[in-house]
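Dropping a structure here in structure tokens format, bear with me for questions.
When the chains are written out, they are named A, B, C and D in that same order, and each has its own residue count from 1.
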Amino acid sequence: MDLKMNIAEMEDFLVREFPQVAEDFRIERSDADGIGVRLRVADRHLRPGGTVSGPSMFALADVAMYLAVLARIGPRALAVTTNCNIDFMRRPAATDMLGEARVLKLGRQLAVGDVLLYSEGMAPPVARASLTYSIPPRG
Amino acid sequence: MDLKMNIAEMEDFLVREFPQVAEDFRIERSDADGIGVRLRVADRHLRPGGTVSGPSMFALADVAMYLAVLARIGPRALAVTTNCNIDFMRRPAATDMLGEARVLKLGRQLAVGDVLLYSEGMAPPVARASLTYSIPPRG
Amino acid sequence: MDLKMNIAEMEDFLVREFPQVAEDFRIERSDADGIGVRLRVADRHLRPGGTVSGPSMFALADVAMYLAVLARIGPRALAVTTNCNIDFMRRPAATDMLGEARVLKLGRQLAVGDVLLYSEGMAPPVARASLTYSIPPRG
Amino acid sequence: MDLKMNIAEMEDFLVREFPQVAEDFRIERSDADGIGVRLRVADRHLRPGGTVSGPSMFALADVAMYLAVLARIGPRALAVTTNCNIDFMRRPAATDMLGEARVLKLGRQLAVGDVLLYSEGMAPPVARASLTYSIPPRG
């Protein structure tokens, strides 16, 4: 599948459209298989005991899938998450997290994919998520 | 069903165990039917355009179900979310949000329930979530 | 909300469009709050030990939500399930099951709702499901 | 990871414990990566128009994950599905379906994994599912 945006274009898009959170994320990989996004974990992402919070993991899964869809359809800010299902499987470490997303369907109205979330330096995934995005009609 | 914690005890528990986020939430109702929790929406919960962010809605659903479970099992901080499924149905307003949770199963190992999320002043729900919590064995 | 089909019309529709399974189901209630559908449990729905099988519970949840959507949009056979999330909470009895569905969103493209599944004669729900239907454009 | 049952042992187990459905399925692969299960599609699995029914796809996902868990824990019939989330992404063909399951977590109480479902002869997946199994304590 042709990619319509490269990593620099997607990071610019994040800064422009989501300025509050853009600095939390780095895109590490974007190719035909999917995308890899790093959550740069800071104090605000942690719970007492030093684990990454559930909402922070949700945010990483959501951003990773959003960017994977954008890479395939081009910059359309209005794509919205309609469903997210997450299984929290292991206690995350207090390190950066990596979200590895793949797009399983890219239809005219809906995109579907899944994301594995990893704590950096830990082999088994911490969480898995599947997400559906609604894609706005072309204007 | 007997409730093992009242609202003041649950709010104290939140402050003690989750100091970073406790101020975001107010428990408005806790009874045999479930629990109502308010997300006091501030700038940090908003996306450009003035909608409450997905991670903030996830956080409200998660806290509401957590508190509904705690009210029924007493203060056990180690209950952990194992699954969350959210449907985002409507664009939220830039107002406070209310999460109305009910517990559908309270087993020895797992608790299951669902949450409807409302933007204050808007009748139809903005999102629905179902969550599973793993309950630690009594020590 | 106006209902566009009554119970007899929906049962005729089931017989016409889904002849293999129509006899498994009876619509017991359809009103502004939602719909109640009975799964007439027979041997083919049971697992050894006399519990209703997972696929049979999935079928009941899916049919109940489908009919609740149809009642609201009229007979459009092409509405398709795009997502189903089920929590299996208790062991069902070997009796009929009842699915109580409510529609939480009825948009132009997507309908979202949830279903509680009960074993007849048992008070707590056996399972809960949420489903999304994709609604075809009007021809 | 060591596998505790081979394909012949798992097929014997299916015949013994789930005689009504065992003939519907064939295990095609079982290794450290997961398991591949074939649904031998017959008239009873089809909807009008010749597509495999939702309940049949649910059944394939559920059996594939069940067998993947069994291969890793040995024959314990009481493992039960507690959650299943399915995204139906494409219209299936009227051919056999293949379920490719992987186990993402195998804990003492819960096993989590996901399954991609394919129509034989069609490259993109028809559906994806994630499932959680509750594992009974060793007797």
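In this text, contacts are C-beta pairs under 8 Å (C-beta built on N, C-alpha and C of every residue); 3 or more make two chains touch, one makes a residue touch a chain.
If you're wondering where the values come from, they're calculated on a predicted model, not measured in any experiment.
Participant: Would you identify the chain whose Cα-based centre sits farthest away from the centre of chain D?
Facilitator: Result for the farthest chain: B.
Participant: When contacts are scored as defined above, which chain pair ends up with more C-beta pairs, B-C or C-D?
Facilitator: C-D
Participant: Using the average of all C-alpha atoms in each chain as its centre, how far is it in Å between chain B and chain D?
Facilitator: Taking the mean C-alpha position of each chain, the two centres sit 33 Å apart.
Participant: Indicate the whole-number Å distance between the mean C-alpha point of chain B and the mean C-alpha point of chain C.
Facilitator: That gives a centre separation of 28 Å.
Participant: How many angstrom between the C-alpha centroids of chain D and chain C?
Facilitator: Result: the chain centres lie 23 Å from each other.
Participant: Give the residues of chain B touching no fewer than two other chains, as numbers and ranges.
Facilitator: Correct list: 82-83, 85, 87, 89, 132.
Participant: Chain B touches which residues of chain A in the complex?
Facilitator: 17-20, 44, 46-48, 53-56, 58-59, 62, 80-89
Participant: Spell out the residues on chain C that touch chain A in their complex, using ranges where they run on.
Facilitator: 82-83, 85, 109-110, 132, 134
Participant: Show which residues of chain B lie in contact with chain C when the two form their complex.
Facilitator: Chain B residues touching chain C: 85, 87, 89-90, 104-105, 107, 112, 114, 116, 124-125, 128, 130, 132.
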